[in-house]
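Each chain gets a letter, A, B, C, D, E, F, G, H, I and J, in the order it is written, and its residues are counted from 1.
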Amino acid sequence: MNRMDVTEKIISTKVAKGLRWADVAAQLGRSKEWTTALCLGQMTATAEQAEALGGIFGLNDEEQRWLQVVPSKGSLATAVPTDPLVYRWYEVVNVYGSTLKELIHEEFGDGIMSAIDFSMDIQREADPKGDRVRVVLSGKFLPYKDY
Amino acid sequence: MNRMDVTEKIISTKVAKGLRWADVAAQLGRSKEWTTALCLGQMTATAEQAEALGGIFGLNDEEQRWLQVVPSKGSLATAVPTDPLVYRWYEVVNVYGSTLKELIHEEFGDGIMSAIDFSMDIQREADPKGDRVRVVLSGKFLPYKDY
Amino acid sequence: MNRMDVTEKIISTKVAKGLRWADVAAQLGRSKEWTTALCLGQMTATAEQAEALGGIFGLNDEEQRWLQVVPSKGSLATAVPTDPLVYRWYEVVNVYGSTLKELIHEEFGDGIMSAIDFSMDIQREADPKGDRVRVVLSGKFLPYKDY
Amino acid sequence: MNRMDVTEKIISTKVAKGLRWADVAAQLGRSKEWTTALCLGQMTATAEQAEALGGIFGLNDEEQRWLQVVPSKGSLATAVPTDPLVYRWYEVVNVYGSTLKELIHEEFGDGIMSAIDFSMDIQREADPKGDRVRVVLSGKFLPYKDY
Amino acid sequence: MNRMDVTEKIISTKVAKGLRWADVAAQLGRSKEWTTALCLGQMTATAEQAEALGGIFGLNDEEQRWLQVVPSKGSLATAVPTDPLVYRWYEVVNVYGSTLKELIHEEFGDGIMSAIDFSMDIQREADPKGDRVRVVLSGKFLPYKDY
Amino acid sequence: MNRMDVTEKIISTKVAKGLRWADVAAQLGRSKEWTTALCLGQMTATAEQAEALGGIFGLNDEEQRWLQVVPSKGSLATAVPTDPLVYRWYEVVNVYGSTLKELIHEEFGDGIMSAIDFSMDIQREADPKGDRVRVVLSGKFLPYKDY
Amino acid sequence: MNRMDVTEKIISTKVAKGLRWADVAAQLGRSKEWTTALCLGQMTATAEQAEALGGIFGLNDEEQRWLQVVPSKGSLATAVPTDPLVYRWYEVVNVYGSTLKELIHEEFGDGIMSAIDFSMDIQREADPKGDRVRVVLSGKFLPYKDY
Amino acid sequence: MNRMDVTEKIISTKVAKGLRWADVAAQLGRSKEWTTALCLGQMTATAEQAEALGGIFGLNDEEQRWLQVVPSKGSLATAVPTDPLVYRWYEVVNVYGSTLKELIHEEFGDGIMSAIDFSMDIQREADPKGDRVRVVLSGKFLPYKDY
Amino acid sequence: MNRMDVTEKIISTKVAKGLRWADVAAQLGRSKEWTTALCLGQMTATAEQAEALGGIFGLNDEEQRWLQVVPSKGSLATAVPTDPLVYRWYEVVNVYGSTLKELIHEEFGDGIMSAIDFSMDIQREADPKGDRVRVVLSGKFLPYKDY
Amino acid sequence: MNRMDVTEKIISTKVAKGLRWADVAAQLGRSKEWTTALCLGQMTATAEQAEALGGIFGLNDEEQRWLQVVPSKGSLATAVPTDPLVYRWYEVVNVYGSTLKELIHEEFGDGIMSAIDFSMDIQREADPKGDRVRVVLSGKFLPYKDY
């Protein structure tokens, strides 16, 4: 058994039971973004969180234990994603990558925006011309220092 | 001459004159995000915008004309970016890609978040534990329909 | 179980029963293009469509449910397709890609032809020198805007 | 000197003179699709066509001669195109590739749709919900035969 | 079940029974080149051919039916083949590719040598310095035309 | 200076003077296939052959000397060729690669068809349904031996 | 069943029984280099050799038959090997590749060192500063000839 | 200026003057293998060696100084070499890689054959059936140790 | 059975029993770095070590035997690692690779830092601004020598 | 002009003047590791540091200004480095990557070792069996947190 087996069981159960990630997150008391990433094998649960998920998805002890093991992360099957929704995000990095780099450096100097001390919030933005997806990303700025 | 020559001249002049993208954007009356993307060869200018940039960066008529030609977009040199700042964004797509897909589909159904009818806003978020980079992405949801 | 299992069952049943996609589509009341893409795991069914396909291909409840889950799209096994029929399409993009870009921009300005708000129609075109395949692609033009 | 030098000169002159591909095509008496592909280094001109283009773009004898040499074709810089407009076409091949294969085989049997005995027509399709790009592709069906 | 399963069964049976492709072809009344390609999952059988192969390799009805389905073609596991015999052919394309292009264009003008309306014949050529493999490839020339 | 410079000069002169490879080969007294490969930087000339080519293409002493240096071979810019004519040959290797392997081994046992002790002959084959390209490849069979 | 299954059974049995390749080779009466390559699925056995290996590794008739089928060769899982021992050999080709090319051409003219009419001998070379691995490679020189 | 410029000058001069690597090596008093690798930009010269090569190839002080700088090594343009002579070596690693690994481990245990404490010797081996290239590689065995 | 099966069993048992690598190492009397690498299929055990691990992880005789077979090394699934922790190490090689090369050559001359005669030590470094990971790598310097 | 031009000028001047990185670092009053990374185009200088380097390497005002612009980082030409010294580091990540991941997670939980808040120290370690390279890497641990 490995973490991927647990992820597959969670997804399978979610489809079979018709669950929603937002409801799972509410039961866990965490954001839907982090909770979904956890369920999809990208984050690590505490024992309590694992137990709670165990209740929702019918996971046994060993499966709950795997949720507490730090997973090998990365959810893209290929370097350039083929799924249209995910590709649009890759395209944003491709088209706006140099812009992001220039503007963050202009404001903060040399360094990066952390992808670890990081959170994400996804919301529907009502718009008469068609609703929009609004995603807020927040990451700590980490400066390079000389030494 | 091609668009890349104009981009290089803009960047070179910016370094030589010590300009800031935010100031360039203010002179253009557009956001700093779109303006930087334009200057880095990813967007297309109107004649007025080209002229304004011409004044700032000392571009002649032919160079201004190239700013009005739709460029061949994409600012990454390799499929997986090597620069640490840009890589962190690729990592976000890699680690959170499946999460983004699940949550947007849960809220909107099958479709994508547009990377064309799209805007981006980058801000400093003061934080006693270290300032954060806050990026808001807003893209129209485009549904797949059956036919 | 996942969507790919359902796709394989559909294809297997189609061969075993000697069905035609055009007939499946007629039973669904949708175009043969969209219906085939749905059956091949690229589109998402409504509950009614899933039930109809369930009847045709002998799919149980769980399998029908999977047809209603947004799939991870992309039907090429490699970045450059090896199958001769599919490769010819890749070759069209390769040889005519810059032409498509130039002419769409000339007519519409900067933006893209949507692959989401998109439809496709494949017909036989009788021709004394050998029949032709005629494919009509229709996609909404989405403009880049400054902001 | 090689064909790429001629292509670059044509594009450069087009931008400098503000020409349109549609007008160039009209002067040549050929479709705008084929003419643009020719100017972008993908097709081969006759002596008359080369002379006509020579007049429009100011090409000397040697440059006109290069237009009559069969070029090494392929206009994508990478196997997966990075430009958003061109990528959407690659995505169509990726998402609908298996559908195209199934439906063409269902109608015609084993074989391919030729990308050589092939033509393309790009039109604006007025639509109150936003104009559409309509592209008609027509390629001769070539059957595999046993021997 | 899919075509690959049938291919594997054919190969397995051929080894177990010690059959020769040339004999299989003779029973089918087709060339050994086309017959082998069919058995290896690259070509499509008629019902009669499928039945004949069914007799030779002990294929049941469903397996025979798969032989009549147009397969997804391509028999190389990697873009550059690793097997020494197959690599030598790739090397010929690599070393002589530009030569083939130049000489076919010199003789026929712009176009291609079809790989669909195509046949292949492999023979032993006795030679006192060591026998040679003689392969004759014949493909229809398909011209690019302007339009 | 290197061999590639000489190759480019030869091609450039050929276009400028309107020469044909077949005529160049006749002047050299060698086949058009080998001669073209030599001119395209894939083969090595003797001093006499280099001098003869020097006369035809206006090559100076140093350039003639480079024709006598064994070149670094390989004429494809990418692992999978993008030019349609050359790609069709790659496709033949892809679709028929396993067939070639099976039939050559069936006739000769384990070994390869040499791409070194090798010759190629390209001819037009008149055909009322459209002329064909006929290519004969002849390579010595080299057996693997145990030791 | 295929050759890979036989290779895995041989390796598995070797570990379970604690056999040495050198002893297997001695029983076969062939070199340890060729014998190991045969057992690892890279060479083809005669019926006698297959029977002998069948005795050593407990292979049944069908498995012995597979040893006599020419395998699809190539034992690297990736184009650039990841195993440190095998990588050092790749590094030798990388660092000394141009040197090998220059010196073999200087001595023999244009052509190659055959990897088919080829043998390899691996020995321990005692050395007070640490024993060395001594590998002798011997391959027939095959000249390119004009024609 | 960089090391590659010096390498190109050395090769260019060698062709222009018609020198042989073996003679260059003799003047340096080192093996032809190491000397060629040095001249091709893979090894580092002492001041005396640089001066000697400076005399042979007409290198000025700065160029001689570059010969004494440790170069960035690697002489293959692509991961899989396209030149037939160099490819045969890659093929040896591919076909015999697992054999080399097994036999060196059988004799020495876990570790590698060094590509640094390494030497190479290339000789002609006269043979009535065609002369052979004989290459002796000698590398120190370096064991992995536990700690 | 192969080494990978043993690795999976070890990891699975470790999660099920809640073991720590540091404790496993203490039982083995070796460093936690080497012990973990051994358990993850990168190193080779002695019979005693295999037996000890057999006791800890419940491995039978055949599984213990596999621990004593030199494994095929390399623990990355892709050339560029996707896991954020492992990627940071790849990034260090990417950003500091040329620096490492320059400084080691400046101190030692041409050669490498061995990855075989090598050890690694990972420690927590308490720091009021947040604890740090301190990794000491020690590898023998191996010089290139002329010959 | 861009940063790469400045890097090349620095390296060129260093070779021409025979400077050492350690001495450059001493003049800057920073570590040799950071200083070398700065000079090789991976770090960003303050105005004072740029001026100091300007004095050492003869850089004019514009060149000094480029040293203060955040560079696009990454010093490997290919995803898998070809230079033997740099490759050994890649190999360490490959062979020990999973070990690093396991042990850092065991000690710290889920998170990464920062490559930004990071320093490196390279020293010679005298050893009677051959001197060793000792590299100490220190990076802040950054935990993933739920939210």
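Points to keep in mind about this one:
The rule is short, and it goes like this: a residue touches a chain if its C-beta (ideal position, glycine included) is under 8 Å from a C-beta of that chain, and two chains touch if they have at least 3 such contacts.
Chain by chain, the UniProt names read as follows: A, B, C, D, E, F, G, H, I, J = Cyanate hydratase.
Values in this document were obtained by computation on a predicted structure and should not be read as measured data.
By the document's definition of touch, common neighbours of chain I and chain J comprise A, B, G, H.
Look at where the CA atoms of chain A average out and do the same for chain H: the two points lie 49 Å apart. A straight line joining the Cα centres of chain A and chain I is 29 Å long.
Multi-chain contact residues, meaning those touching two or more other chains, occur in chain D at positions 33, 72-74, 76, 79-80, 82-84, 91, 94-95, 101, 105, 111-112, 114-116, 142. Touching chain pairs in this entry, ordered by label, are A-B, A-C, A-D, A-I, A-J, B-C, B-D, B-I, B-J, C-D, C-E, C-F, D-E, D-F, E-F, E-G, E-H, F-G, F-H, G-H, G-I, G-J, H-I, H-J, I-J.
By the touch criterion stated above, chain C contacts chain B in their complex at residues 30-31, 33-34, 38, 43-44, 46, 49, 70, 72, 101, 105, 109-112, 114, 116-117, 119, 142-147. Chain contact summary for the complex, chain H toward chain G: residues 20-22, 32-33, 36-37, 40, 42, 73-76, 79-81, 83-86, 88-108, 111-115, 118, 120, 122, 124-125, 127, 129-142. By the touch rule above, chain B contacts chain J in their complex via residues 8, 11-12, 15-16, 18, 78, 80, 82-84.
Taken together, the chain D residues at the contact with chain A in this complex read 80, 82, 84, 87, 91, 94-95.
Residue ranges on chain I touching chain G, taken from their complex, read 1-2, 62, 65-66, 69, 72-74, 76, 79, 115-116.
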